[in-house]
Amino acid sequence: MNDSTDYEHISEVRVRYAETDQMGVVYHANYLVWCEIGRTDFIRALGRSYADIERDGVTLAVSDAALRFLGSARYDDRVLVHTRLEELRSRGMKFAYRLVHGDTGRTLVTATTSLIALDANGRPARLPTAVVDVLRRAATMGAES
Amino acid sequence: MNDSTDYEHISEVRVRYAETDQMGVVYHANYLVWCEIGRTDFIRALGRSYADIERDGVTLAVSDAALRFLGSARYDDRVLVHTRLEELRSRGMKFAYRLVHGDTGRTLVTATTSLIALDANGRPARLPTAVVDVLRRAATMGAES
Amino acid sequence: MNDSTDYEHISEVRVRYAETDQMGVVYHANYLVWCEIGRTDFIRALGRSYADIERDGVTLAVSDAALRFLGSARYDDRVLVHTRLEELRSRGMKFAYRLVHGDTGRTLVTATTSLIALDANGRPARLPTAVVDVLRRAATMGAES
Amino acid sequence: MNDSTDYEHISEVRVRYAETDQMGVVYHANYLVWCEIGRTDFIRALGRSYADIERDGVTLAVSDAALRFLGSARYDDRVLVHTRLEELRSRGMKFAYRLVHGDTGRTLVTATTSLIALDANGRPARLPTAVVDVLRRAATMGAES
């Protein structure tokens, strides 16, 4: 069940004033928020919302995150979040991201986040079958494209 | 039960880098977050934490907020949040704030927020007696000081 | 130069996980951030970006904000930000907002923010003619529609 | 100039309501903000503020960040940020963090962030001598303690 795929979803965010800092660029922690938008959109594009998953009684908690900052976005810039499923396991998954400046095409940040499924009591749990099926679809789409 | 008091609690925050924006000053919405710290500390100083209140099955939701921005704080500045209970009703309360620069003493923001008690279903509820008693204490302290 | 208009711009935001709090709804300060998105889009729709304005050497600082919270949005909800120019003066302007749930059409928040123009030294300044012209256009559009 | 030290600085933060998410715990990106507080306090404890550094014409930009999430903090919890200088180079440095629950002593997050010095034009620069001297002091303190 260890599937890496080439399928990627692209989300677009526009830099908010609130997301800049006094250096005149996006405050670095915000990229983690955009990664969350990326994987949420990724899952939604496969036909299932993350809100659905939580209604199934499972939450996905970030267990690991790694970010490399290569460039910086500024206020009002469009940023494209390329999201890819790097790994799918019975109790979690790993997403890889590439955040790209919407106009220059320059890579601003590369990142990965690992998520683990937790039950209502906050204990590790198996991913619901519906979620696994949906994410498997990404693997197939990757193979096809 | 309409009690205004002179008692005020003073909280201190130090401006985080994340809270600045590209204008080089604190992004305005953050003052609302600091007001929340002010009223939380106000209640805690009276011997009851806001977390306690939620454990009583009641949440306090902000129903109205008004802010006047007079000056601006910068990164690493200390800001003093003066919090005062302006009104206490059976189903809510109103806090008034004065946010002051820690070094210059200049008033940066004045604000008020009204809060209403909500039960577990999100419906307006009476404030728990324990909370009312605690807040009444503020009125007494104001009268005494 | 005191122009109120009926023209309104509608922006859409989707609630981010980061914007929720433990009450399960959007943390109230985030609505101020969305208002900023609303007025930014309003200005952009008239053919001028807020980033342009800053390049003209003028920043717009929020001097007053007032919010009434009537309902709450949840994670992944679409929220429509209706923005209207309520007042235009030589040194500032006032925007009025109505934030509406994208699916139910329920009004969640009504708000106003006043902004004043500041020069590079942080002192009150006249709005650049280009900005005034652009905002006047909103008044005309309101009259025509 | 590659100095790792045992000296660590401990900062305390209290979880704000704004920092929780609908899972009822701290939203993960906030730990990066607390790491920033940790290193800022670390530098200040050595007798130099980060604001000083920026006034020297150098900014420190995060180039890499890695976080491991082991537990979660809740609203109103006290969290201790243990910050240690892991590496000091001519053009940057690396900090290591351990974020610990204030009451239970449980480790919530371990993290590292690498920072690089940038000049006013955003280009890599050498760390000002004053900064290097100050950070060297941490190495000495580690050796002594």
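List of remarks:
Per-chain residue numbering starts at 1, and chain names A, B, C and D are given in the order in which the chains are listed.
One rule holds in what follows: a contact is a pair of C-beta atoms (placed from the backbone, for glycine too) under 8 Å apart; a residue touches a chain by one contact, two chains touch by 3 or more.
Being a predicted model, the structure only gives us computed values, none of them experimental.
Counting C-beta pairs in contact across A-D and across A-C gives the higher total for A-D.
Taking the mean of C-alpha positions as each chain's centre, the chain lying farthest from the centre of subunit D is C. Centroids of subunit A and subunit B (each the mean of its C-alpha atoms) stand 35 Å apart. The centroid of the Cα atoms in subunit A and the matching centroid in subunit D are 25 Å apart.
Centre-to-centre, using mean CA coordinates, subunit A is 29 Å away from subunit C.
In subunit B, the residues touching two or more other chains are 17-18, 23, 29, 33, 36, 74-75. Subunit C makes touch with subunit A in their complex at residues 16-18, 33, 36-37, 40, 49-51, 74-76. On subunit C, the positions that touch subunit B within their shared complex are 23, 28-30, 32-33, 36, 59, 61-69, 72, 122.
Taken in their complex, subunit B has these residues touching subunit A: 17-18, 20-25, 27, 29, 74-75.
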